[in-house]
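See structure below.
Chains: A, B, C and D, in written order; residue numbering restarts at 1 for each.
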Amino acid sequence: MRSTRRLEEMEATASSVVPDAPPVVTLECVDLVKNFGGVRAVDGVSLSFEAGKVTALVGPNGAGKTTLFHLLTGSIKPDSGAILYRGSPIQGLPPWTVAQMGIGRLFQDVRIFPNLTVLENVLVARPIQRGERALVSLFAPRVVVKEEADSTDRASEWLDRVGLSEHADQPAQALSYGQQKLLAIARLLAAGSDVLLLDEPTAGVNPMLIKRLLTIIRDLSGGGRTVVLIEHNVNVVLDVADWVYFLDEGQVAAFGLPQEVLSDPVVRGLYLGLRA
Amino acid sequence: MRRNSWHSIPPVLAILPILLFWGCQRTKPSRSEEPIRIGAILPLTGESARYGQYIREGIDLAVAEINTDHGINGRPLTIIYEDDAAQPRLAASAMTKLAEIDHVPVVIGSWASGCVLAEAPIAEKMKVVVMAIAISPKITAAGDYIFRIQPSATSYINALVPYLVHKVGVRKLAVLYVNNDFGLSQAADIREQFEAQGGTIVFAKGFPSGTADFRTEIAELRKANPDAVFVPAYTEIASFLKQAREMGLSTRFVASVPFENPDILKLAGSAAEGVIYPYHYCSGPANDLDKGFRIEFAKRYGKEPDGFAALAYDAVRIIGSSLKAVGTDPDRIKAALYATHDFPGVTGKTSFDSNGDVIKPIIIKTVVDGQFVDLPSGGGTSAQALGNQQAD
Amino acid sequence: MLLQLLANGLVNGCMIALMALGYALIYNTTRIFHVAHGAAYTAAAYLCYLLLIVFKWPLLLAVVGGVAAAALLGVTMELAVYAPLYRRGASDLISLISSLGLYVALVNLIALLFGNETKVLRPGVEKTCRLLGVILTRIQVAEVVVAAVLLPLLVLFLKRTLWGKIIRGVRDNPVLAEVLGIDLMAVRIAVFAAGSALAGMAACLTALDVGMDPQVGMPVLLTAAVALIVGGVGTFEGPVIGGFLLGLIQSLIVWKISAQWTDVITFGVLIVFLVFRPEGIASRRRRLEESAA
Amino acid sequence: MNYLWHILVMISIYAILAASLNLVTGYSGLLSLCHAAFYGIGAYVTTLLMMRAGFGFLPAMALGAALTALISLAIAIPSLRLRGDYFVLATLGFQVIIFGVLYNWVSLTQGPYGIPGIPIPVILGIPVDTVFRYALLSGALAVACLVMIRAVARSPFGRLLRAVRDDEIAAAALGKNVPRIKITVFALGAAFAAVPGALFAGYMRFIDPTSFTLAEAIFILSIVVIGGAGSLAGPVLGAAFMVLLPEALRFLQMPDAVAANMRQIIYGLLLVVLMRFRPQGFLGKYGFE
């Protein structure tokens, strides 16, 4: 075990740092294991994420970070271990159920809907639309029209928030990569997710847009949401993260405040050394 | 690439309706010196195209002869061919087109029974006489305007079963039928007739049209050991016979109407020897008319006429004589056809019953030395065949 | 009786396996649902007919000609239709629809040139051999011999040699293969040639045995595709195993039920495999699409 | 004029078929080769209800649509977890199986004999007994179906379909129950395909399984592709084109011996050329890319 501290110690530290506000753990996983063929991609990982905080997952490529996101969102099923959302187990549930419970995800490769317009991308994300039922759309068009007007207003607000209103009617594939990331975030916001899992939100994005992105992320956690990000950019981690998990070879190698973890010599050797 | 609008539609789309309307304009109803047009709907493509081809050869020869002999009261006869690829949908389309655009009073065909049944309601409604060359018993009741020059499938069996039971002495019969309306109805008819005559059916299985490998069925047939195997099928029977001989199945083989097809002899070779089957057309010239037909046919196409060509030839001549007698009014043609009695055709004396079904002799034939030949005692007299017809 | 049934199934299985292996070569490498493969099959049979019956070539040369024609047609289809689509980055579905178009056009061209009627290459009764009560014609014996020689050799070749590795590499990751300096287009041409030649071989042998008409290609192709799925996509022994299994099953259907249910049951088997064991018999891995997100 | 009315009936039938398949293939990206089976089930159920249970045309058609949708569930539920080629193959398999059942279940469907003498539809007491009246009926039904399909396509449900087509993993991550959406659209497409089945049966007054083959399924799919997958007007235009093409070729003075094969060759080459140079069809926005 290479981790600098044991899990119990980590938790003790975590609560001792912020003594005044009792942390609310929204999402946690316990002893998660996932094998691919002979490879242990995730090897007994236990993590917990708090409401109103930004938690960063860092670690070298192949450390199992993205696999962890797959597991947390139900895209793949763990071999063993538990995932708890507000105390109740969610492992084994299909991805749409997990998403409906309030766990949203930004994909590393954004995964916008390229042939839909920017506005439509956001509209799709709105949860529980009656017009999304085929028979309602066929036989109760008035209900749908009213609902759509409302949805469009809300969607436009979110687009405004990420600064994409002027592109609303363009096909999403016409946007730049950075703009696509903003769109994907707007989509997440529209979905009303409580927990946001962001896989490398700043990768491939120009500094201007990174700034806008980070503001949004800070606002979100400030508003009480749980934000988890996978991030390679040290400055971003130092800038927005409240907590950092360092993962290596499918295990948690370190946990703590960003400055602490990122100044740990082992972490520096493993991670920053590689990426210097 | 994604900005598309109407102007990017290929111009061919615009051409289509123009072509269509041009076509409609082009074919006006005929005046008195113009040719008399009649239609023909045949399978000219697809799996059944060969039969369409045979029928066409008979039609073309008859038309050529009528036209060299002053046509229809001085007006030449022309045929407008339409393809149905043996698909009912296309037959219906072709029927409507012939009735509506070409205003034909008579349509010959189709060959596939399903196509005739699809044509029938349209022909009834638009008052077009249909002369089908199809075999299904269902066509009997298809409508007032629907005639057919080919005997119903049942009448072939009516002629075949007494021969099998009394002349050949078959007691145990196996049936291996092509799984379509023809094969199924033949199998059902022969079961009924054969069991009524005291025989037993020891094996009955279908196979999909186009099957080329019968070795598993043959292995079973060897075990079932029948006196004879009845195989109502198309050219599939060639493969069956070949493989049956190869695998040493030594029973008598009985076929149905489509057996008389030179291709089958070519394919099966010596394996076709001795196969018994019912047919509507003799091998030797049946009469002087037939002798002339065979000579002309050989001159024109360099081969012997097929039984379907002969039926088609008779059909055109019967229609031609009706046209000569009563003109181009479909109702009068219809009446003339119902009144046709013992028309001298190359396939024998031909009449129509009140359902529009043909009454004509059916004979039993076989293969000897690679030739289709008539069996002397198998019938051939009009009287006996007529008797069978009436029993139907 | 039972032995004869097994023998019939085996002979049919040989031909399905040849066709399926050829199809697998193309499908595994290019991911094209190559329906026009059926047209290559038909074309080979007809060219063999042309050479043997019309031009009176010797049998062996006519078969070689048929096989070569199939290979040539396969390569031509790749160069004229599929390669441009691939370069443009068109999806598999575009290729599928193009392939359907090719099939319709080619089969009707063959019908136009040769007529719609059934043709046989060896009319009349064939000489037979008897072994343990099983009767086989000489052509059937030839079918078994060709399959017994070709199939193991090819499967071993594909599993053991560099060529096999390249083909598998292209299948698993065409982009990576190209980065590694493999000439993707050359590999595609090679698999189209080899796969179509196998179809041509199956076509000529089957035509010698039972003859052909212009429509024979599609059912053979579909059976081969089912054999490929049942055996296991992505392997080379899979389609062979699947081919033999289908040959036996079809013989059994004819015996126990009736030939008219062959299609229904064959495709029933396909559905069962697609739903319950999509990786096929031979493959131990589950398909990637199934597990990865 | 009847000839033109007849063509209109045919265009109506294929327009509904193509538009319903377009919901499944164009909007949802599920390439299905069993649409002819649904068309056939619709035709048979309507026919049998009319002839054996004495139903009127419209009630029989509605029940036929419902039953077809139900049967489609049996196909959709096992097939929809398959992707790409595998899904295509599964639908192809079901097409062959359903054709085989229609063909071989003689006691119910009269199998290869077909069912002749289907009663003339009577709408509001008026017998639809001329080609003109039938063109009105089929035209009206086509417009009704197309309007409904348009409503579905433009609704949030339609948007969801396009989202699933573009990226089903992303759609699932947004809380959308992807399998249920696919099953719903598949059933909806099947239900709409039953309507032209009923129209066809009532028009031909004779049905047999050979009208509902794999070749027919491919034909319907090519209408969608040629017209333009994922567009609203595309299937109508495609249907018009594909129905008119052979009819127009009837008037070209080709030697008869080659005409029919030539038509098929032209049709095949047209598909190839279109896929090469205009994969999104005449009007489509989405080219399966």
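Brief remarks follow.
Note that in this section contacts are C-beta pairs under 8 Å (C-beta built on N, C-alpha and C of every residue); 3 or more make two chains touch, one makes a residue touch a chain.
Since this is a predicted model, take the numbers as computed values, not measurements.
Common neighbours of subunit B and subunit D, by the contact definition above: C.
Compared on C-beta pairs in contact, C-D and B-C come out with C-D as the pair having more. Inter-chain spacing, taken between the CA centroids of subunit A and subunit B, is 73 Å. As a whole-number value, the distance joining the C-alpha centres of subunit C and subunit D reads 31 Å. Rounded to whole angstrom, the centroid-to-centroid distance between subunit B and subunit C, based on C-alpha atoms, equals 37 Å. Inter-chain spacing, taken between the CA centroids of subunit A and subunit C, is 48 Å.
For subunit A, the set of residues that touch two or more other chains comprises 75, 95.
Annotation for subunit D: residues 103-104, 169, 261, 264, 285 touch two or more other chains. Among the residues of subunit B, those touching two or more other chains are numbered 2, 45-46, 49, 179.
Only residues 45-50, 53, 179, 205-208, 210-213, 215-217, 219-220, 222-223, 235, 238-239, 242, 245-248, 263, 266-271 of subunit B touch subunit C when the two sit together in their complex.
Across the interface of their complex, subunit D is touched by residues 1-2, 4, 8-10, 13, 15-17, 19-20, 22-24, 26, 44-46, 49, 81-83, 85-90, 92-93, 96-97, 99-101, 114, 117-118, 120-121, 125-126, 136, 138, 142, 179-181, 183-185 of subunit B.
Across the complex, subunit D is touched by residues 73, 75, 94-97, 99-100, 104-105, 107, 111-116, 120-121, 123-125, 127, 129, 131-134, 136-138, 141, 144, 147-148, 151, 187, 191 of subunit A.
On the side of subunit C, the complex with subunit D involves touching residues 31, 33, 81, 84-85, 89-98, 100-109, 111-112, 222, 225-226, 229, 260-261, 263-264, 266-268, 270-271, 274-275, 278, 289, 293. Every residue of subunit D that touches subunit B in the complex is listed here, in rising order: 1-4, 6-7, 10, 103-104, 106, 111-114, 116, 129-131, 200, 203-208, 210-211, 237, 241, 244-248, 250-252, 256-257, 259-261, 263-264, 278, 280, 282-285.
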